[in-house]
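Shared between the two complexes below is chain A, which has chain B as its partner in the first and chain C in the second.
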Partner chain A sequence: MRGVSVRVVPRLFRPVARAMPWWTFLAAAGLGLAIVTVPAATAVTLTGEDLVGLLRVAAVCGALGVGFLLDDPAARSIATVPTPRPVRYAARAGVILPAAAVWWALVLAVTVAGAEDGIGATLPLGGVTVEAAALGGVALAVAAVRLRGRPDSGGLLAFPVLLGLVMAARLLPDRMALFVPPDDTEWARTHERWAVLLVVAVAVSTWASQEPARRWTAVARRRRSLVGHRRS
Partner chain B sequence: MTVTATGPVVRASDLTLRYGRTLALADVAFTLRDGVTGLLGPNGAGKTTLLRIVATALVPDRGQLTVLGADPRTESGRLAVRRRLGYLPQDPGFHPGFSAFEFVDYVAILKELTNRRVRHEEVSRVLTAVGLADQRGKKIRALSGGMRQRVALAAALLGDPDLLILDEPTVGLDPEQRLRFREVVAELGEGRSVLLSTHQTEEVMALCQRVIVLDRGTVRFEGTPVDLAALARGRVWTSGSRAPEALASWRAGTGRYRHVGDPPTGAELLEPTVEDGYLMLVDATADQEAYA
Partner chain C sequence: MSTVMTEQPQVLPDPAPGDPRRAMVALARVEAVRLLRHPVTIAGILLFVGPELYGWLSGGANRYPVLQDEDRSKQFLALLALGGAALIAANLAALRAHRHATTVLYDTFVLPQPWRTGAFLLSVVPFGLLVAVLVAVRIGLLAAVPGAAGRPNPYELAAYPAAVLLLGAAGVLLARLVRAVIVAPLLLLVLAVVTVAGLLPSTPAAARLRWLLPIAMDEPPMPLPVDLMSRPAGWHLAYVVGLIVLVAAAALAVTGARGRRLVAAGAAGLSITVLAGSAQFFPTSDAVRTAQATAAERPAEMQSCQRIDQVTYCAFDDFAPWVGGWDAVVRGVLRRVPEAQARQPLAVRQRISTADRAANGLVVTAEEQAAAAAAWRRVDADAGTPNAVTVGTRWGDGESEIGFAGLVAYEVVARAGGPAGGQVCGARGVLVGWLAGQATPKATDGLREVDANSWGGVPFGEWQFPVALSVPDREMAVALALLKRPADEVAELVRRSWAELSAAGTPTERAGELFGVAVAPLPPEEERTVCEA
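Presenting the complex of A and B:
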């Protein structure tokens, strides 16, 4: 991205934030927040494991909503502007991440506040946050792949794929499990897997945000190197 | 990187692209110079694919392409092209909650116009150029189809591009809007290159200095509209009844039939139009392939 004007980026945040389709995210995030509000709003007593379960459901809700935030009805109109797609995606990520972080902080705060005395302090909030980040990352990665080369709805693919992955994760054998109870001895190792998933999701998102012309450049380079090989 | 006054603005050769098993473009070669060039062809001919490749939105499987003196295969070349390019896609999208001014202003930021005052002046200039100065504050969702198309054209005009690519810009417009649009494009064609994809042969006759006919992914013709019309010279005739042997035959407003094809001996020949030439070219190709 040599030569790209970096002064564009800060000026993009406001219009990009306005252009993003927030309603789906707000609905999903609102649902997630409502779910963790249940213990506080009712007299039901929940264990730490139950609360982690609620946090996981809230995280899935948020991730499902995040998947729609890359959708851009004006994608065709801006396909050939000098500001390349990775920069445009970075601007979107710069809007999505703080919004998602604020929402998740609210979800955690409500959950801890609604927990019985002593339970809130024992909740493994860091580990569940890694799970939530990975789920959001996967949703964004699937959406970015869907939007690569065609203006479409990334969320429409991210939604079923994420739900399918969550269902499939429930069926994994114990040694590969992703959703384990907080007192499980495998908790730390499981969260290493979540962290790897997050890194993979970020890598896929980065790859998918590249301009399609990279393929052409890569093909041209490969052909040149092949020609070079044959000549040498 | 700059293009000389006489050099081609676009030079393409062997451009080939497949969508899965479908061959969208096959060894397409053409050159584009200053003025308005029309890209004619039936549905599915590959017009949009070709325009998207020239506009750097799509990557061909193989072939050579130079746009405005730069090679879009390289990152720096693509950036150089995009800084001097205006592209109006076939089905432009908008953020409906934005006003016309806000949307064009957003595109202007993406086109690296970072100085707020300069950018706003430029946005006002292009909105005025497309006749939307009075509608600048109106939400896009409240604009008619023709006005939205003009918003997209205004966005394409930002930065006074050297090459303007318009993909079927008059589809869905009523006759008055079409004429208005034609006026704007004709004015834009003075002093820059415009590549205009269209189904309408009358648009080619009215606007274009040159025309390229694309059919089934290959270039069938490249020349002036007069040359295209001349392809049907001696093969357009009129009579009082339908001619089943003609490629096309229809009753004109005069009440007499107009035929395109091989005329019978002694037929009353007519001066061909661009449409006649196009029909001969595309139908003849279809016939050749049908008999092959």
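Presenting the complex of A and C:
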């Protein structure tokens, strides 16, 4: 059964892509792209730190949009279909990841091309990409967790959590900092933290993509305890 | 039936026989409680309050706050954390009916749509009041600190709740314009980016842009006495109030409210916004500009002096509570020098800088700096405090304490008036570095911090001032080695060899010999710094 389901994934790409709330993602991703494009297209001279700051805001925009991409208005009605939730989410991930990757590549390309005085070549693109991936991962993880409980909108929980996380990260004391300027000596160490965050986010997403069986066990347990009461 | 209701809501008889105002207030009350209890609001309050509490509990908070700076220092955080919470929570509340697909059902309620929108707008007010209380408590606690200087500007304080009300109203308006929850967080990000962009010197018309945003951030070179402040905070508050009225009127109009009163409110909001918005750009008044120039060039005319033993402290009246803090550093230096030196009169004068030399891209040559320092010395001599040591308008952090301690130590060692940024080499450099570094525990921390962030030498004194000095790394290494030893033991050696150590020509090697510290060999000729003092 599982083998059959996994083979279904590529066939699900098209219908899943059509069912996804794209315009939310496009609005957020479009804003992220605009945030890096405006200074790139104008004569504003920005330092490496400013550009990394803009890339971070763009990454937050993208993550906000990604958080909504697991939403499915038909979630309640398709809970009973034979294709299990992990396969449905795998199909969504198969659409989301390339789309987000293409968008992020575009954001990076615009930023590098628009940077003045050869700063583009000095930008730590790898580190910023890890940050962006971790933020996107957190958005997906929170959305998946929310959708386990209520099949309404994952992004509804993901976006406040993401904004709160980013704001809290900016306020952290130096020794725990997540956002550091590109020339900071702690850059490598903070990005280990980001990588850990990404791994945790992926693990939580994988766990949350399992069909929640909690309710049934809870009901069964309650029944058992009722029976127990009666017996005693 | 539902079709009839959705398509022709206007033809239905008005179901509210009485005054809809009461129903609106009742709904506003419920929504206000929901908004205050919303997780986003609670998270926003925690983000705003948390760092402040952490600072006080961990002992990292500045015990010498400048109230006219502190009143606006958290406005950006408040915009994002508190304003952002109001924006998102109000937006989610106003979109609740849409999210739960119950919009049609609301048409059967007694309260028409515009009145419901009014209730959502009103529901932000208690949160605004809560923010006002939070801000008042914060500034009250800061003002109660014994080292607090100056006084807060009520307009700057009122800008916090005003920004929250504006963003809350914007959340309701957005919900009525676009039925999607993603728009509010995106607006918040745009606000954050534009506010920061307003601070960048390369942004076109940055100085104007920043005053057209909900909060106006700027970074003056250093805190100024209250009477010299030129921020149009009152006009900016009026501008934001105008915007709140305008946004609220727009939200009501979008949901179908009509009528003369709404038009009048909208017109009033627009006029206040335009008038107050333009008034912000009035040039600074001549009186304030003259006062700024006087304070920067001849500060003695605006200062009061007080004497503690042989030391005279002259400060702007706002900063008088800091004299005790300055005196602790001066005593920290004087207790380690021979009695005869310590008993000589000493003067300390506070200075300000109103021109941001770095922001204006001005490069100051050594000659210009020397001329400026000489002019300061002349002004001090005329004011009856010759060779006064300069202190700025920041205090309480390690960096300011070590900067001041360095200048005090140099004056005690050289007795030659403020140095013009030159390198102090040889035994004198070692002595100045050690005397400054051991003055107070905070000065020691400050020295480590400045040493870690500087190359070639350790600078002392505010960089905006022409009066400053720097001790090269070679001399500093000896001073840092001495700081690891018991201070009394080093002080004994210092007192015994004072004349030799404080003489201008004594080489570093001799100081190393006297203290028993190895001195690094001189760097190659091309890497050596020019020693001036």
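As a working rule, the second predicted complex is superposed on the first by the 207 of 232 C-alpha atoms of A that agree within 3 Å, B and C clash if a C-alpha of one lies under 4 Å from a C-alpha of the other, contacts with A are read in each partner's own complex, and residues count from 1 in each chain.
In this text, contacts are C-beta pairs under 8 Å (C-beta built on N, C-alpha and C of every residue); 3 or more make two chains touch, one makes a residue touch a chain.
Note that the structure is predicted; figures quoted are calculated from it, not measured.
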Contacts of A:156 with chain B and chain C, given as first, second, both or neither: second
First (chain B), second (chain C), both or neither touched by A:211: first
Partner chain(s) touched by A:28 [first = chain B, second = chain C, both, neither]: second
Touched partner set for A:57, first chain B, second chain C, both or neither: second
First (chain B), second (chain C), both or neither touched by A:164: second
First (chain B), second (chain C), both or neither touched by A:76: first
Chain B versus chain C as contact partner of A:12, first or second or both or neither: first
Overlap of chain C and chain B interfaces on chain A (superposed complexes): none
Of chain A, residues touching chain B in the complex: 1-5, 7-8, 11-12, 15, 18-19, 72-84, 88, 149, 151, 211-213, 215-217, 219-220
Of chain B, residues touching chain A in the complex: 52, 55-62, 72-76, 78-79, 82-83, 85, 87, 89, 91-98, 102-103, 105-107, 109-112, 114, 152, 155
Contact set on chain A toward chain C in their complex: 24, 27-28, 31, 35, 42, 44-46, 50, 53-54, 57, 60-61, 64-65, 68, 152-153, 155-156, 159-160, 163-164, 167-168, 171, 173
Residues of chain C touching chain A in the complex: 39-40, 43, 47, 50-51, 54, 77, 80-81, 84, 88, 92, 99, 180-183, 185-186, 188-190, 192-193, 196, 200, 202-204
